[in-house]
Structures are given as C-alpha cells and as structure tokens.
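Below, subunit A partners subunit B and then partners subunit C, in two separate complexes.
Moving on to the complex of A and B:
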C-alpha cells in the first residue's frame, strides 16, 4: 500500500527516502517469515544469550570557524559583490563629511577628479561603473595613545592554529572548521580505539551513566553539555571468552564540549586518547565499528 | 541628510547585459542553484541517516531494558542551551580554546561552596 503523496510528510516525499522505507518493509517481512519458521531450539538459544548493558558517550567539539569556501563559492561571492557595487547608489559624502568642514576638504582632495563634461558623470561618479571610494588617511598630528588603541586596525586571528601545524591529535585547537570527536584506547575490553563507554550500574539512567563515564575517564574539568537523554547510537559486540555475558550492548549519548580538556584519570586504564575528525576516525577504529558509527556522525 | 540629493541623481545606470553576458549570468546562477541543491540534499541525507541510528538505538533499548527506555523517553531536565554554545565565526577568537577551564571556578560551584 502506498500512501497518497500529498498526505505523506515532506521528508518522505523524496525518492531515496521511499527506497529506504521499501527496503526496511521488505526486511521486516523476511524477518517475520523467518521468525515464524524458527524451531523451539533456536528460540530457547536466543533467550539464553545475556548481554551487558553499557552507556557510552560521543563527545564532540563543535566547529569554531565557518567551513572553508570552495573555489566556485569564492568566485561566486566575488561576482555578486562586484554586481552589488555596480548597482549601488553614489556614496553620500555630504552625510559623512559635512559641507564646508575640514574633513570634507580632506576627502575631496583624495578623490579621483572626473571631468564634468562626460555625460555619464554625476556627483563625481561614473554612472555606468562601480564607484571606487578613496578614504583619506587618519591625521597623525592629533593621535594620542588612547585614540591609537581605539582606531587600531582589527587584525583577525588565523584560521589555522599551532596545533594544525604540529598536527597534534590530543589538542582541541586543531581543525577549527570541523567537528572533532573523542576516541579513547583502554586496556582490556577496549583494546581497540572506541568512544568511551562503561557498564550501567543499578538504579542509573542512561544519562547519569554517561556523565559518570566522562567523569571517570576525563575528569571534571570539561564544560560538557548533553544534547539529549535519548541514545544516538547502538553497538552490539560479542565476547569470545566470557563466563557471565555473551556480549555487550552499548547505547551512546551525544554531547558537546565547550571549554576545558580531557585529562585521562588514574583509575580509568586509558592508554591513549585523540580528538579526530570523521574521516580520521576510520583509520583508528575497526572496520565493523566504523560502518556502524559513520552515519551517526556529522559531515562538518 | 542622506536624502539631501534626489534618488535619481544617486542611482547608477540600469544594467544592460548583452546576449553573451546574459547567458553567462544565467549559467552562473544555475550553477549556484545546483550547488545549493546538492548541499541541501547532502544535509538531508545526513539527517535521515542519523535519525535511523537514533530510532534503531531507541528500539533496541526498549527491547533490552524497559526501565532505562522509559527514563530515556522522559522530558529533559532543562531545555536551556549553555551560554558557551556559539555559532561558528569566520575567524577564531584570540584564545581559540580555553584549556584551563575548571569546574571549581564556575558560578554554580562557587555558590554551592558558600
């Protein structure tokens, strides 16, 4: 049964969404068919499997700087600004430099004088071109320390920092235009690189457990904000040699860091940690883990 | 006064494009629209994939532990974002990242001490 297109919500009206819906419906149909066909033995075997419930954290540093524009975007922005200048009104110098003032004299002296005989020129501006405005330089004679400080030209900070040059992955300064994710390497269970996680204790909710995970692993000197109390990612792993559990089910919560830094705590068994972008995670993490986490992370 | 001079004297000439110029302008505009569409669809796809992951996680949580699921589905404790959640700018601040931030120096921690 396919709903009438106008009745369906907007997000489901594109083709790739309908493909996902159709594929998932087909998958459901096959699983229900196979479930009905299972024998009693396999059902009891499934019931016997015990999984440890764990809470994890996908801690990310949001981008501090806007994304780098592509060559086409730069060219387009330049084209639009030139068009805007061509279509702008003549600069109203009488408003900024009052008539008869010294400032007006300074301004007029600096402007390129256009011949008034040219029919295209009005108010000292060529009307079929963009206006080039030349501003007079600041007079140095009456400059004081305070005025020099106030009128000093603002020098913006560079978009690439020291951490970028050294490519230090433990620093949060790096790659300011991208989102950085925290991955951690521990002894024992977490011998591969993963997002930090720990078993949920009795009486804890997911969020409380996740906050505890961050405290135990990274210390309290991190200004962290949990985006939601609902899990963003589910990861199931199987244990090979464990007596009590067949495996673990990890539910990850997403959070953001704004200040402070991750300091590996003494009892946390952390051997290494890194703040990396989405593509860089692929080279650290196991292939199966990557295929599961990749859709939950953001592009920028 | 800005309006000291009439608008007609301040306006430049109307932009008259030749056929080739017009074609160039249209091509540029169409290329831009195409890029915006591509970016929009990419963002939409990303959101869709993230939503599927969230849905999967919530479904599995419901199966694994109904109590944890109920607590996860509760209303959030506070609907306020922190002040430090800033929108990205074109250039970074003078101190790109505050490594020396300590929880003990926040307003909440200090007020609790008293």
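Moving on to the complex of A and C:
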C-alpha cells in the first residue's frame, strides 16, 4: 500500500492523536444523545474503560467527471455562449495570416462570401449574428501518424461505463460523477454492512491503526491518501451480550483512493464489499448507523 | 436570437454611408456609424444621453447585469469544472486537513489607541502597530465558512525593453498577455522615477490582467496540465514565496511562455516575448493553507517550508520576528 503524506499540513501531522481521543471522550462523557438515552443509562453504571477503542477508515473515491448539467443549466449556458459569440470581435485573420501569404489566400478562399448589397453585412460578417469561421483544410500530403493523432477529432469517453451497465458494485469505475464509499460485510461481530474498522492495539496511534485496517482488509494493491489525522466520524456501538466490553467506540479517518483495487484478504473475515454512493449506502446499513454516518458523506 | 440590439436612428446602410459625411453640428455623433468600420469590427453603440430618442431612454436605466442592457457581458458560458472539483472534493478535505482542535482567534497587529493622558490625544491619529510595522488581519478559527479557495489570478509583465528602448515594445507584450489569458490587459505605469533604471514616472512599463471566474479556471487548467509539466528543470513554486496572508507568486520565463498552446501553435509570430509574474490570490488566511489548496489543484512546491500563525504546533522550532511567530518544519 502506498501512502501519500505530502499534502498533509504539518500541524495535522504532528498532532497527538491520543489528545484528540481523550478530549473527545471527555466531551462525549458529558453529553448524552437522545437516541442512545435508554442504553446510555444502563451503561453509565458500568465503567468507562469497558469500551473497546477502534479505528476505522472512510475510504472514498472522489468524483472523476463533472456532474451532468440539467436541461435548464444547458439552456442557460447555451444562451450565454451564443450571445458571447455574437458580441465578440471579428476574428483578426490579418494577425494570424500575414498579408499576401499563401495561408491568407487559402483562408480567404474558404470563407463564405457574403453579398455587399445586404445592409446587415459589414466586412464579410453579418452584424446581428455570430461569426462563423471556416478553417482551411489541411494538406494531406504531409500527413503522418503523429499529426493524424493530434488533429483527430476529440471524442469524449462515455459517462456510463461497463460497470454501470452491469450494476457491478464491486468495481471502482462506476458512477464517475459521484463519490464512492467502501463498505464491507464481515463474519461475526460486524455482520452488518459498515466502513472497515478494527480494534486499536496497545500503544498504537489512530493513524497507524487505520492504515493497518486498510492493509489487513484490502491488501497492498491500493494507492491511498489519508486526508487528516483528525477523525471525520465517531460512532459508539453497544454490545448486548458481552461480558468484557459494554461496547465499542470507533473513530473513522477519512482517506481517498487514487488507483488500485480493494482485494479482501484471507484473515480479514470479509464476506462481501461494495463501492457505493451516499444514497445507496442507506439501503445497505442499519438505520441507526445511517443516521450517524449520513452527515459525514458527500452529496456529490 | 430573440433579443436584437437597438440601432439608433438610421439603418445600417445609411449609417455606413453617413460615416463618410463630414458634419460639424451637434447631431454628428448620431450620424456616425455605430460600429467601428476599421478592423476589428467592434459592435459598439455610441450615443449622447442628452439627445437620445425617448424610446431608447430605457437603456440608460437598465442595469448592467440584465441581458437587455447594451452593457451586458455574458460570463457563464459553460459549467466551471475546477469550481465543481473544489466544491465536491477539495473543500471538505481542506476543511478537515486544516482543522485544529480548540482553535482560538489570533489577533493581528493593530493600530494602537492613545492612553488619553493628554488632552491633545483627542482626534489624534492612532499610533502605529507595535514594532512600527504594518497592521495585519486577525487569523480566525477554521470553519466551513472560510475554507480556502482560489479568488483571482493576476498575470503581469514588466517590459524592460520598453523602458530603455521604445514604448511601442509594450504592444506585443500586451497582445501576448491577451493571447494567453483571453482577456484584454491593462497598461501598467511607473509610479516613480528611478534614474539608474532609466525609469520615469508615468511611463508605461508593462501590462497586467486580473483573471476571475471562468477565465481564471481556463488559465489554471492550461498552466497545470499543459505548461508547467513541460517547463525545463521546473521544481515547483518556491516555498519561500508568499505574502504571509495566502497570496502566492511565481514567475515564468519567455522560454516557458512558448509552451502555452496559443503561442506554441505559431511561434514565429512571437518575437519579442517577455516573462510574466503570476500571483494566485486565495481566500486562505495563511500561506501554508494557500499552498495546500494550490497543491491540491496540481501545483508543486519545493524548498524548506516555514509556518506562521499556526496555533497548535507541537515540537517545532519557534522564532519570533516582527510580531509574527514562525515555526520551522523539523521533519525536512
């Protein structure tokens, strides 16, 4: 796994993550969420240390293409750009093609010759319309592979990929204009869909632990970048039938994947994984988990 | 197009023919052609407010942003790709990366009040900031409201040849600026006379363009994707660049300017190219934040980085200079 640390500012690199965790725990100890009120009361009698401390990763792929504009946006931009062309200056061909040169002759030859009798025509341009410039054809005699490649018409790649058509949620090249999040499903304790997480080992910082989570679950074939050492999300989970722990506190770090693939590892107990958008996550995860993670996810 | 711009008084044919007529009376401007008949053709309407026909009086009160105004300039020609990228990807990441726990406002140097011990202190201008330095803005806690973004790009050129040789040498420099930025530059004049540089006050010494909006996006994309990757021995922008408050500058040599596609397509046309200075104006409060933002747009930086006015930095060497606390990156 390749970790890109160059973009991270110094003050986030050198921050002691343990301080954040302690501060967050103190803050959380004083506040009780209304949704958790009933469970919180039963738990409060027990000791605070009985919560398992865990590190998680919100691994996401940022949008690759711009969102498709709506019909109204398209019409608006079309109106503006047509008006802009209508009001723009006449193309200064005398600047680009020196007087008397072959290039100038060629340029003038291919332009539409407008009649001088038309009062709307001035200097070979209709005054109430945009100027249509016709480029002279290139001489094909000197055509090489290189020039053909350069002058070939640019055709954009389709917005919908093969993975979109097959609705393959394990592929990263789907929904190119949206942020995709990685959620996993495991055997045992984490049988629900959620972001990958694992307990923090003794003496391990939050960042090191979350890097280990990615490595243990997804393997080395990923190029990822941790945005910050500051947790982007905090989730408190309660265990009903567990003698040693009352629950788990999970701190999620935000990270971005640039390239590579998430490949479930053998020892990770992962049964399934998916790259999904914000709306799709709602149908996968539990309602309580959704209410907590939703504000941390991107709309686009 | 539904909207047709008003032509005043005469038909186009009459106006064109009237342009040749010499006239000395007060309605002469009306008889003049509404377009410049010398290339390039500017579709400019000339009128006198006092003798404007009543049916055109409305155009005087129509605001500039209204498409019906004759002064309206269309700007939103297409969706802004870089802005969308910033909104969807960079802004949330930058906010998290710049986040500092329990951050407080850092007060900048301000003009000082007189203590009022003398009656002459009333209405006296305030004292200079401590250290006899310039006043600086406060550094506010980082929130979702002040996530750094690119505000404007200034491209300016100082034409030494025009100073020591001919004023006319400014013309190709201005055309070159217009060519690479897509916007008409404004002339820059000397503010002082310097004998050693043969500089006289009020003479044109170069030109300047301010890019905002879509023009800025276009220039930034060209710079990052086409020009900078091909500049020879380009290590990046020096980390020492910056005005301490989020504005980063660097320069491009004439050789590098030939890498702009507009100049590269026809290099024989451009014989007297001068270098340019480029300034990124950002809404970041400090230089490190501005660098972080610019690097996320794809601009590289090199050299030792110094931090200032960063509140919670542990383990870094601190130095204090003119009231600003500097931190040195101990990791490099």
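FYI, the second predicted complex is superposed on the first by the 241 of 300 C-alpha atoms of A that agree within 3 Å, B and C clash if a C-alpha of one lies under 4 Å from a C-alpha of the other, contacts with A are read in each partner's own complex, and residues count from 1 in each chain.
By our rule, a residue touches a chain if its C-beta (ideal position, glycine included) is under 8 Å from a C-beta of that chain, and two chains touch if they have at least 3 such contacts.
Predicted model, so just to flag it, every value in this text is computed and none were measured.
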Item to complete: Compare subunit B and subunit C by how many residues of subunit A each one touches, and report the one with more.
Response: B
Fill in: Contacts of A:238 with subunit B and subunit C, given as first, second, both or neither
neither
Worksheet item: Looking at the overlay, does A:66 come into contact with subunit B only (first), subunit C only (second), both, or neither?
Response: both
Practice prompt. Pick one for A:252: touches subunit B only (first), subunit C only (second), both, or neither.
Written response: first
Item to complete: Tell me which partner A:290 touches in the superposition: subunit B (first), subunit C (second), both or neither.
Response: neither
Practice prompt. Kindly classify A:135 by the partners it touches after superposition: subunit B alone (first), subunit C alone (second), both, or neither?
Written response: neither
Worksheet item: First (subunit B), second (subunit C), both or neither: which does A:76 touch?
Response: both
Worksheet item: Should A:156 be classified as contacting the first partner (subunit B), the second (subunit C), both, or neither?
Response: first
Discussion item. Applying the document's definition of touch, where does A:122 land relative to subunit B and subunit C: first, second, both, or neither?
Written reply: both
Response to the item:
After superposition on chain A, the subunit A residues reached by both subunit B and subunit C are 11, 14, 16, 20, 62-63, 66, 73, 76, 83, 86-87, 89-90, 92, 94-95, 120, 122-123, 125, 127-128, 228, 230, 232, 256, 298
Worksheet item: Which of the residues in subunit A come into contact with subunit C in the complex?
Response: 6-16, 19-20, 23, 62-63, 66-67, 69, 73, 76-77, 80-84, 86-87, 89-90, 92, 94-96, 119-120, 122-123, 125, 127-128, 179, 227-228, 230, 232, 254, 256, 298, 300
Discussion item. Per the contact definition, I'd like the list of subunit B residues that touch subunit A in the complex.
Written reply: 1-2, 4-5, 7, 9-13, 15, 28, 31-32, 35, 41-46, 48-50, 52-54, 56-58, 60-61, 64-65, 68, 71-74, 76-77, 81-82, 84-86, 88-94, 96-99, 101-103
Worksheet item: Which positions of subunit A touch subunit B when the two form their complex?
Response: 11, 14, 16-17, 20, 51, 53, 62-66, 72-73, 76, 79, 83, 86-90, 92, 94-95, 120, 122-123, 125, 127-131, 156-159, 161, 171-173, 176-177, 200, 205-207, 220-223, 225, 228-234, 236, 249, 251-252, 256, 258-261, 295-296, 298-299
Worksheet entry | Residue numbers on subunit C that touch subunit A, as the complex places them | 1, 4-5, 11-13, 16, 35, 37, 39-43, 67, 72-79, 81, 84-85, 87-89, 92-93, 96-102, 266, 269, 288-289, 292, 295-296, 305, 307, 310, 312-316, 327, 329, 331
